[in-house]
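Just below sit the structures, each encoded as structure tokens.
Each of the two complexes below includes subunit A, the first together with subunit B, the second together with subunit C.
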Partner chain A sequence: MSGERARILVVDDEKVIRDSCTRILTTEGHIIKSAENGNIGLEVFREFHPDLVLVDLKMPGKSGMDVLEEIESIDPNVVQIVITGYATVSSAVDAMKRGAYDFIPKPFTPEEILLIVGRGLEKRRLLLESEALKVEHERIRRNMISLVSHELRAPLAATVQYLEVILGGMAGEIPSEAKEMIVRCDIRLQEMLELLRKWLNLATFDSPKMAEHFQDISLSDIATESIELMKSLAEEKKISLILETSKDLPPIKGSKVSLEEIFNNLISNAIKYNKAGGWVKVILYGREEEVWVEISDNGSGIDEEHLSRIFDEFYRVDGRRNAPIKGSGLGLSIVKKMVDAHGGMIDVESKFGEGTTFRIGFPKFFQRQKEG
Partner chain B sequence: MEQIHLNRECLKLGKREEGGMSQKKRILIVDDDPDFAAAIQKILTSADYYVGVAGNVEDGMKAIEEEIPDLILLDVMMEKYDDGFNMCYDLKHDDRYRGIPVIIVTAVTEVTGLKFNPETDGEYLEADDYVQKPISAEALLTKVARLI
Partner chain C sequence: MKILVVDDERIVLDSCQKVLEADGFEVYLVPGVNKALQAMKKEGFGLLLVDIKMPEHDGMYLMREVKKKWPDIPIIVMSGYPTTNTIEEAVKMQAAAFIAKPFTPDELLEIISQVIQKEEDHETKQSPSD
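Here is the complex of A and B:
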């Protein structure tokens, strides 16, 4: 920014200060606009998009401190320098605490203002550079993830697709022993695909972006669909699925696919870590500002020592390679992240050998969090 | 290249038999993964469809210009990560081709994946259906039968 044309806004009620700043800084090739009070200053700020703002602290009407804070909240990367009257160093310090980069006491010489503005513009250049690097870094990270996952998925997908053809008998008869082995190959590869899918899901999860597409969602529809999807798994393990939903359950604001992911993960866990003849119960009810979801089972339960870590990425209660039930260790961290993205909360209660209950509260009215 | 050529012959073969009693429906697969395409082709030919394969967008468009298929199975990420997107967009904005049902096939349809999300990109994409690789023979045939 130094050596280049910068855009500078001067907000001061004294005409002589505005004029002298304009004159001095124009000789450096900068583009200057000025305003005689805080309100006009903010108006000009929004149109002009300056790199640097000089603000007088003492002005009639809106105070310089308020202008400072408002500009800071609009764009924290704008460098602000306060102009203070004589012997008001304490207010200058106060201003710097609220985001000003530097201060210049009145009266000042052309050399003094040029020096301070020059330093301020250098700061601005560094801020913009670091912002651009951050954006670039995130872009590379996401592209990398997406590329790697595609390169990993594609060969798996092609292989599994061939196995589907072979197992479907479309490529001729297969001896039964070979068939058993191919079935195992298929299962192992499917597990790997699922692991990749979950990992990609976590790594590329972007909650502000998702929140942009929130819509009214009926959780009882989502629960019904999820239970329908899990029916065959439940029948296989002889588990009964129960849905209880209160009448007039209000909708929540959310993302359909993510909410499905939450229900599918929790319900399939409740089925997998259960015993023949067990049950899985999904209860939905509204209370004041929230809609609550309870997913409970009378399955194997989780030992207390594991309970605090079950939402951690790659954490598995039974991490043995030959564990009877294979999990990726990612399901619950996905659930947690997605509940958070909906502004909700989740907790878990469990007794080893007796069963587990997950309880999620979703706000009816989602307030988008501030970015950053 | 040879495979693409061979598969185009398949399409033409279908045409020659058209005068016969039964008219087999023609499906065009546009996918740059020859293994995946071959597996899908086998599933579809087993269900009595004529199937052509093109390994990129250019060959795909040529095949369509020669003979309009009854359905297209279109991969998203080929040479460029959005080849399939663009081809689908072009087809759906061309009066000659907008009526051809298009099923988008992709390995990356993640919930929040960067590249593709039916919730956010569906409007732009205008495909008739989506499937994720790999797909069970039954699910594929159901989707195809519904659109053809």
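Here is the complex of A and C:
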């Protein structure tokens, strides 16, 4: 913006100020419009679309503060500079607290106003740049989502769909050696599909939309179902699954699908990163405002230095490509996002070699309103 | 029983046909929403298998139309995008069940038999016992 022609609006009831601003700023090549009161100022603003506005705080009629507020609501990226008498510097400070960028006390020299407007226009340039970056970022995100779902996941899913039909014996007899190979392909492709599913889930997760479907949920039902689902995985590793829940556990407001996702991820981790003969304990209890979930295991534990990063996307303690335990590193990022969407909090305690406990507090939300 | 399968992916249609015919169902395949609505006017189906996220009209639109005109036909939603939001949406549209693509033949048959079982229980409860 600096060095280019900018559009500047001056709103001041004093003609000398309007004229001197216009004269000084025009010589810099800028396009200036002015207005003698707040209402006219706003009218001009809407048609002129300025980059920067200079507004006198003390005017008859609509106050400068009101003008600034309305401008802010129309376009928050417009840079606002307050013109003020020496006696009213404190109200300029108020205006800046509410979002004005700078102020200039009257009377001012040409150098002073050029300096302040110059800084303001630089600010405007940065605002527009960051806005453009945000739009660009969103565009890339959307393209990526569309690429992953349509160009990667869909054809992969179709391929695996055929493999399942072939393995189901519905396309004729398969020689046993070929069958073994197809099974191995199937497993590798399923891992890829699961990675893409998790990534898409994270990238497209829309928490306001999810909140529309909130209903009363019993966490002990969710925990029971999730444990049922994980049973075979646990039996393979000879790990016992234990559920302890208090009888009068109150319901929470939440989304069934995403609460299942939370439990499935945490319980599967506790099994995956465990040793044969280990245990996984799920404990549920109510406290005044929250329902608490504790999922603990006596598995491998997590070293202090990794603990703060396990909720990061794609982070795995054993990050090697051929790590013996497979995973995407997205499970806990999804958990974190979904706990947040429920207004909950999650923390983790772990001792390397001894085990790990994840603790989540879910607010009961509308619970209190019903009681009162 | 006649089952209508709606999906724009040839492989999925073909797979459903193989699995369902082997289990004795009569299977009709259509590639999109318009063809599905045409087929439904001609045939009486006992069950619909619908993909959500098809080009042209979204499967959600088909579900709304079916719920309006044939409210008693159960719909199983298939999706290659089994994200939390997609599943929530299907539940809200009163899908009888949700199945993530790709599925194994057993998963598909299991879900269909669950849905048919639920329908039968529902009917015997509604009609007065004699």
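To be clear about the criterion, the second predicted complex is superposed on the first by the 216 of 372 C-alpha atoms of A that agree within 3 Å, B and C clash if a C-alpha of one lies under 4 Å from a C-alpha of the other, contacts with A are read in each partner's own complex, and residues count from 1 in each chain.
Simple rule for what comes next: a contact is a pair of C-beta atoms (placed from the backbone, for glycine too) under 8 Å apart; a residue touches a chain by one contact, two chains touch by 3 or more.
What you see is a predicted model; the values in this text were computed from it and never measured.
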{"item": "Side-by-side fit of subunit B and subunit C on subunit A, or clash", "value": "clash"}
{"item": "Subunit B versus subunit C as contact partner of A:K106, first or second or both or neither", "value": "neither"}
{"item": "Touched partner set for A:S146, first subunit B, second subunit C, both or neither", "value": "first"}
{"item": "First, second, both or neither for A:K364, with subunit B first and subunit C second", "value": "neither"}
{"item": "Contacts of A:K237 with subunit B and subunit C, given as first, second, both or neither", "value": "neither"}
{"item": "Footprint overlap on subunit A, where subunit B in one structure and subunit C in the other make contact", "value": "149, 153-154, 157-162, 164-165, 168, 170-171, 193, 197, 200-201, 204-206, 209-210, 213, 255, 257-258, 261"}
{"item": "Subunit B-touching residues of subunit A, taken from the complex the two chains share", "value": "142-143, 145-146, 149-150, 153-154, 156-162, 164-165, 168, 170-171, 193, 197, 200-201, 204-206, 209-210, 213, 255-258, 261"}
{"item": "Residues of subunit C defined as touching subunit A within the complex", "value": "9, 11-12, 15, 18-19, 22, 80-85, 87-88, 91-92, 100-106"}
{"item": "List of subunit A residues in touch with subunit C within their complex", "value": "149, 153-154, 157-165, 167-168, 170-171, 193, 197, 200-201, 204-206, 209-210, 213, 255, 257-258, 261, 338"}
{"item": "Residues of subunit B defined as touching subunit A within the complex", "value": "33, 35-36, 38-40, 42-43, 46, 77, 81, 107-108, 110-115, 117, 119-120, 133-137"}
